[in-house]
Structures are given as C-alpha cells and as structure tokens.
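Next up, some structures in structure tokens.
You will see chain A twice below: alongside chain B first, and alongside chain C after that.
Let's look at the complex of A and B:
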C-alpha cells in the first residue's frame, strides 16, 4: 500500500496562488471554497514586519481527527492514505469541521462567500447536485468526494483522488516533469510554476518526498495536536510554518 | 368527599389551562415551524448565519444542547425518588419524566432540521458503527434514554411505581442519562483543537449543569400547571412545594454551577494557549454578565434566603431566571468555542462575528413550542401530579391534620 504524501517547499513558493486556481478548476469548486488555500499573514510588529504566505491543502492526516469524530463513517481513510468523504453517507452534522485543526473543510449549503452573484443561483441545479456549473470536471465519484457536490454534505481536498488512484500500482513518485506520471499527479503539483510541490509515497524510503523531508528537515503544521499530517513543509531560510492558528492576517 | 370535589375541580382547571397552552403552542410552533420549513425548502441551510470560515455550529445546536440537557436533568431529579429513595420527591416524579420526554423530543426535532441529511442517520449510524465518535455514542445513549423514559412513564401511568421491574427501569434510565449527558459533554470535550471545550471537565460540567436546568424546569412546570398558585395544588404536592427541600437542592445546584463557571473562567483567562482568546471575548460580552448575575447569582441569593425559599413568587422567579441563564450558557458555550477560527485563509477575521439568522431563531422557538405543547398534552391527558397511592393519601392526611 502506498501512503501518499505531499511536500511543499516554502523556500520555493512565491505565493502566486496558481495552486488555488488549479485546484478550483480541476475540482469545480465554488468561488471562495478553496480546498487549497494560500494563507497570507504578517509576522512581527511594525516597522519590523514581514509578509509571509502559507499554502494549506487538507493534510490527509495519518491520525485524522475528522475520521474519528464522524458518527457515520462518511469520512474515512483510504488504503492508500488519502482521507476522503463519502457524499452518500455524510449526514451534514459538521462535526468533522469542528474537529479538523487545519480548517480545510467546507459545508455545501452556505451563503455565497464573496460579494457578487451567488454561483448556485446563476447555475441552479435541477437534480441532486448543489449547482450546475457549465465548466464541470468530467469525473463524478460521490463515494470518494469527487465531482460537483450534492446538497448538504461536507467537502475538502481529496489529494486529487480521481487522478492519483489511476496511477499504476507501485508508483513511488508522481512527478509532473515525468510524462509517464504527469496525468496522475495532483493538479496543484502539476501547476506549481516554481516546482515547490512534490507528491509521492511516504511509505517508500526512496521516494522523492522522503528525500526532500530528510534533506531539508521537513516539518508539519501544528504537530503537537497529534494528527500527524501527511503534508510536510520545508522551511529552508525563507519560509516559516506558523506555530499557532491565530496568525495575524493581513 | 370535600377533598375529592376539590381535586376534581383542580383537574378540570388544570385541563382547561392546558388547553389554552396547547392552542398557544400550536399557533407559535406552527408559525415558527412554517417559517423554518419555508426557509429550509427555498433557501436551504444557506439561511443560517453559520459558515465554514468560522462558527460552524450556531443557535440550533445550542437549542438542542439546552433541551437535551434539561431533559437529562429532569430525569436526574426524578431519580432522587425512584432510584435514591428520597420519597418526598414523589409528587413531582411523573411530571419530571413526562417533561423529560417532551424536552428530549424537542431537542431531537431541532437537531433533525439542523442536520443536512437527518434520515440518512437512521441507516448510516448502525451500518458505520464508528465507535470512536462521541457523537455516535451520544446518539446511542440518548436513544436508550428516550426508550427507558417512555417505558417508565408507561409503568407509572399503570400505577406501577415501585415494582422491582419499575425500579430497574428507573436505575437503567439514570445510568443512561448520566452517560448521555456525559457523552454530549465528551462531544465537545474530546476536540483538542478547540481548547475552550477541551478536557474531561466538560463532561462533568454538562452533567451537573443538566441537573440545574432540570431542577429549574420542574419548578417552572409544576407551578405553571397550577396557575402559579400553590393553593391550587393537591395537598401532597402543595406540602412539597411549600417545603424547603426543592429550593435547597436548587440552591446547591446553582452554587455548584457558579463554582464551575468560575474555575472555567480563571483557567481560560489566565492561560495563553492558542485559541483561548474566546474567554476574553466572553467576559466582554454583556450576555455573559446577564447569565452570570441575573441567571445564577441572583437566584442563588434568593434561594438561600429562608424567607424566600418557600414562597411561590421567589421560587418561580428564581427558576425562570435560571432557565434563561442556562439558555444563554449553552449558547455562549457553543459559540465562544468557535470564535477563534481555524486556519481559514487570507480573508477570514481573526475573531468570527456571529448572530443567529431568523431561520435559526425560528428553529429555537419551534423547539420551545414543541416542548411546551408536549407538556400541555401531558397535563391534559395524564394527571402529572399523581404520586404513589400511599404517598398521596399519607401526605393528604398529614396536610389536613
């Protein structure tokens, strides 16, 4: 079994948010429902301030509190280490949203996140889908939380399950530079213009992700909470991982 | 003969009062329910002011917690007589159990409308068997609790107060209610990433404050049944209402709650753990001070005054204030635990504002109407002030002597 994980090199990340856009397009997200967000924040007090940014997908935790709390097993951990939501089981209790330390989950039925037209009214659905966008992703797999979402359930990043799960068994690195693996690689990794993202098998000691974590001292977000994220950050000299969630936003 | 006539008068009076209550509840419940359903069907859950960025659980969850814990507390108070043998509490047992049933039903109905897919739960919970989830166990224990309450009430209607089976059901119900309220506490207490809720204290806090809401609810509903006048009560109940047993239990429970709120606040305000900023928001909120001063301190003081303990008006006032205080308590507990958002992106406030939407208010009102309407039905149909026969005649003789 693979144990898919991601490495984000903050020294290379330029905060362009291409990953956010790519994810939104790939997964047909509503405006503002950023499965992959880049959080900007400020460190220090004026005049010694610094602007920082921090990309944050679902961490696909090794020990996910969202899975433990879900009363109906709608949120579950796949054999290959992704944390997924079965949209046909979810009862919309939102307990997982309460229990995820990284705030990566979204409830479908909410007021529009940004001013301007509500996309759900502009493209209303006439079936079980919560809306009917003209540019929808071709895949639809509600058991794994892929596709345009039904009403009243919770969603989040799937590590692009619809791509990654099609990779030939035994693949260790999903590298966008390699034509053989590019189409199985998560959209944010493919799109990242500086190559700040790596995706591969954390269970394999020879994987590129493991090498990167070892070379550059990979760290995890809010590690003290015990969720053991499968997303690692490389800080190097320029980057930093917020130690608290109450970071000052700008 | 005279006593009998008076009793008959009383019950017909109670019934006509109950009719009026029922009509009022049907109107209020019908209006609020219709508004809520209309909103849910046209706008859906987007008619809530909750959001993924901040407050995920709002007023409906607070209302659910309020009703569920009040129900648990009523069962605990009934257990004083049925499990622990304090026979002087018998005159209120039947009413306690009935009101426990209706408040639990009210809680569940609010929760059902809050959930995205309530009916799915019926098959998804048993087929998932997610034993790691406190919410799963809360569901299991509250369901057991409801079934046991209904059985116990049925037995009492059949005049079976003391048989060993009836006792057994009472004991099982008490255990279930401790576990249910404890699990509801664990639901919040288990999430380390929400430090304002986290810890084993939360379960204890929920169990004990449940007892307080239960005590307040039984005082209110008992008096309500008799037009807020103890002279209308049957002799045994009147003797109980004019005694100082209940006020003493009541005062003790308020005292315990005050101590718990104080300890919670001092750790919360002192500690600088990430996420505890909510406590500072809390002390700045007028609602919190209303709860503390008028919902707890004032009734506590009143119930400690020997001159007030046994009088109807102060008892009633104290009970109403406590119920109001507890309603605020549930709300601020739920909301303040979420005011510091998780990692939620660039444009999220560092503290989340929240005010319940009209739909959310309508749901809370609907719950209240279900609870009060259900209570009126009980009053109409089941002679809620009944007590075991020997108790009734014994106290009656005592009172007329």
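Let's look at the complex of A and C:
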C-alpha cells in the first residue's frame, strides 16, 4: 500500500499548460473541462500588477470532504491513497462539487468553461458516454472513474489511476526520467517540460517527493481546512514563481 | 437500465422487486431504507443495488407494505379478494386454518403486512360492511409477530387518514378478539402456492407466467446509476395510495385530505446549489431552465415525503409540510447571468458578474500567493 502524492515546484513551473493538454489527451477530457488546470491570477493595481499561476490537479486529500458527503459512496479513497469516483454508482447529485474546497470536480451536463463550441454537440454520443471524442484513451474503467465521462456523473483527476496502479508493488518513486517507471507515471508529470512535478510514495521517508517537501518546505493548499492534500507545492522564498518574486525583491 | 417491471427476488420468490422504482437505487440508501427497517427478523438489506435477502424470509410482507414507491411487492396481499354478500368482513392471517377462519374470510399472509392502501381500498369496496382484523392471540408467539396484535399498528397508522377523510369512527376497521389455543398455530406462514385460491385455469396461466419471469432474475442496473435519472421514477404504490384515499374521501363528499399532499417551501436562504432536486429520488422536485429563467418545480403528488431534499440542503433553506396542491407548482424562479470569467450560466446573488466557482478559484489563488513572511517586511 502506497500513499501516492505529488509535488509541484512553482519555482520551476513556467505556466506553459503542457500538463493540462497532456491530461486532456490522456483522459479524453473536453476542452474547458480539463481535470488539471493552470490557474492564472492577477495581483495588484495598475501599473504595479503581476500575473501569477499555479497548476491545480485534484489534491487527493487525506481527509477528503468530497468522500464524506457522497450519499451513495460513489466517491471513495483507494488503498493507495487516490480519491476516485465510481461512475457506475454516482447519481450526479453534485454534493461533492460543493464540498470540495479546491473546485476540481466536473459535472458532465454543465456548459463548458471556455468560449469555443460545445464539443458535446460537435461529437455527439449515442451511448452512455457524454460525448464521442475523435480520440480515445485505451482504458475504460468506470469503477475508478477512468475513460470518457458518461452522462450525468461527476468526474475529476484520478492521479492517472490507470497508469499508477500498474506500477510494481513497492515502487517508491515514479520518475519519468527512469525508463522502468516512466509508463506508470501520471501524464502531467511525464509531460512537464521543466520537470516541475514529482510523483511518489508519501508514506516512504526516502521517496523523492518527501525529500523535496523537506528540502524546500513544501506547503499544502488551504491547509487550515484540515483536508490534508496529498499534493504539495514548493513555493520558493516568496511564495511565488521566481521571476515575479525577484521583481518584488528589488 | 432495461428492467421494465417487477421480478421475483432470486432468494425468495414471495417477494418481487423493481430496481428502477426503488428509491435506494435511485438516490442511495440515505434516501430510503424503509423495507429493511420494517423487517421483523432483519433478513432484508438495502444496498445501492436495491434490496436483497440475506436470510430466511418469513413472508409476512411488512417490507412491501412499508415501501413508499411500490418497488417491493409481497405475494398474497393483492391476490386476496373481498367476499360478496353483506356480512361483516373478517381479515385473517394465513396461519389460521381455513376451516376455522371460514370460507368467507379474507386471508392474507400476515396482518402486520397489510399496507394502508390495501385496507383503504377494501374499506371503499366494502361500503357499509364492517371490516374486522381478527386477533387470534397468536402474534406474541409468532416469529413475525410483535408484542401485541400485529394488526394494531396498521389500525393506528390508518386512523389519522380515516379521520382526515371524514369517515365516521363507527365505520372504521376494528380489531376483533377471537383467541384460539396456541397449540393450533403452525410454526411458519404457509407458502403462497397452497394459500392463494384460484381456479385451475388461472393457476396454470399464472404458473406459465411465473416460469417465464423467473428465467430472468432481478439484475442490478447496468451502466451508470445516473442513467436512472433520465427515466421518470415509477411510483405504482404511491399513485395507488392517493387514488384509494381520494375514493375514500369522495364517499364522504370530501376532497383528498391535505395531509396526503406534502408541501415544500424554499426560503430566501437558497443559494441555488440545486442539490435538492438532484437528490430527489422520485423527481417530485426538478429544476428546469426555461425562458423565464431557472425554475424550481414541485409536484406534490410525486412526493413520498422522504425529506431527502431538506436533509441535503447546505443552507437549510427547505421546509417540508403538508397541504400541497395536486398540480405542479413553481417554487422559485431566478434569472441567470453568464459569468464574465468562464462564461457559464449562474444565479447572481447580488449584482455579481463572476460565478461562485470562479470567485472560489480566486480566493484559492489568493491564499496560495498571499505574501509570506519573506515578502511582508519589505
């Protein structure tokens, strides 16, 4: 039993959104409904403004509020620490979407959050799937919320369950640079061009993720809420990306 | 999602089950577990796939009587017929031998398993003939029994409905005590095949039907549970209850008693999450977007009063009472705005232009980059 966790180094993140696109391709996501978003955020008043950003996957909380509220136990915590949704059980009540403090969940029947055409109309589905994408990821596993999202259910990042769950037992680090573990590593981690993401077993003190958290003072989002995310951010000194931080320091 | 109607439960063919009508299948066990609670021996369990027997069923039918939607049906109750003539009608349990009960008696598996609807229908049908639930003094010793007479609970549950319908108490069904020696009581409720009296033709016709049915056992709904929400919830038992009560009230020249129709009120605390409607297992409460904006619509006649909507509302904005209207009513209408940031339609609380999700996202970002100790002092 591992306790998978992710570390995102904001000093390395350049906001290129390669992770968002990789996740979208890997998980057949609709444009505007990517499980992994890079959130851009403008701070300050003109002319002293700056743009900041951070990537936001599901935090796979240790103490997930989404799991606590689900009336049919469709959302659950797996043995290896992922928070997953059983699409066969979900009744689409959206309680979890209200409960999640990080806003990482998506309901199928909502209008897409981007300006383009609605892809569900462009590629209409004639079965239980919410759309019929022109490409498909190879796996379809509704018990773990993997595949093309069906109608009337909620979906979110699975920490690439279909990849990570195939890693040999006892694996500590899922490192994309290591050919032995690359294929088991989440798509966003494999893709990140600056190597800002690390993935591994938080329960093992020797894992790379734990080292990074220890060396660079990893923080968790909205930690006061007690959700205890399993995604840690390395913020550097000023709690921001290096470029903007150095501007501040002048 | 292809199950059109009831199928016998694989473990015991006295019970038939219709998954698409089960509120627990549609809305989770939190929405309904009345059948499991009604079972006197605790052998019926409710899960996300509906009901299942985990032990030996007594055939008392209490579970089916408790089922608000009619998803669960027990054999022996609907097959019983009132005798013709104008003698008082005695309702007896199957354990009482036919010779003692008499040919005229209406026999059901257990008096504790009578549904309100069944009794009300019989009341209407019996007209001026009195109905008597016969207490043989056996219930205390019966596995399906209670401390006292098993029929007492149903009589107690019936009385508010009868007074609301204006039926004079003299015409109410009553308990009649005719004790029999305990030694005569069979241990088990006799099986349906021996009890349901029917002609040969009817018997063979039914046999053929049941064999055909039993070849397709109850299946758990395939595919996503959410697909059920695209089908309207069948409510055979609830519709029958309202119809029987309307008829009964009509015999007294009254309309359907107001307490039969729940009434839902939305307070201004509502923040338009829509959880209530999406948790409603019977689609009594639905939210529809139309020309006038987003509307909360409530059909009292489809509401079984389970209280799910009230329980899930994070703002505690709902109140369930009685005295609704039979027709669908619009509880709330709000106009929608498109979010400037994401373009999604949302209900503005004040004159906002940014949807709650985007606001939450901003707050999240702010919390992330709030000036830390390193920056604060500069």
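The rule is short, and it goes like this: the second predicted complex is superposed on the first by the 233 of 250 C-alpha atoms of A that agree within 3 Å, B and C clash if a C-alpha of one lies under 4 Å from a C-alpha of the other, contacts with A are read in each partner's own complex, and residues count from 1 in each chain.
Methods note: a contact is a pair of C-beta atoms (placed from the backbone, for glycine too) under 8 Å apart; a residue touches a chain by one contact, two chains touch by 3 or more.
Since this is a predicted model, take the numbers as computed values, not measurements.
Once the complexes are laid over each other on chain A, chain B and chain C cannot both fit and instead clash.
Look at A:142: by the touch rule set out above, it reaches chain C but stays clear of chain B. By the touch criterion stated above, A:128 is placed in contact with chain C alone, chain B being left untouched. Once the two complexes are overlaid on the shared chain, A:105 sits against chain B while remaining clear of chain C. With both structures placed on the common chain, the touch criterion links A:115 to chain C but leaves chain B unconnected.
By the touch criterion defined above, A:233 lies against chain C but remains apart from chain B after alignment on the C-alpha atoms of chain A.
In the superposed model, A:153 lies in contact with both chain B and chain C. After overlaying the two complexes on the shared chain, residue contacts for A:16 are found with neither chain B nor chain C.
When both complexes are overlaid on chain A, the residue A:52 reaches chain C alone and has no touch with chain B.
Residue contacts after overlaying the shared chain place A:39 against chain B and chain C alike. Comparing which residues of chain A touch chain B with which touch chain C, the overlap comprises 39, 56, 71-74, 89-95, 98, 101-103, 110-111, 113, 151-153, 221-222, 245, 248-249. Across the complex, chain A meets chain B through its residues 33-34, 37-40, 56, 65, 67-74, 89-95, 97-111, 113, 151-153, 221-222, 225-226, 242, 244-246, 248-250.
Remark: chain A residues 39, 41, 43, 52, 54, 56, 71-74, 87-95, 98, 101-103, 110-111, 113-115, 128, 142, 150-153, 221-222, 233, 235, 237-240, 245, 248-249 touch chain C in the complex. The touching residues of chain B, counted against chain A in their complex, run 44-46, 48-53, 56-57, 115-118, 120-121, 124-125, 128-130, 132-136, 139, 187, 190-194, 274-275, 277, 338, 340-350.
Across the complex, chain C meets chain A through its residues 26-31, 48, 223-230, 273-275, 278-279, 312, 314, 342-345, 357, 360-362, 364-372, 374-375, 378.
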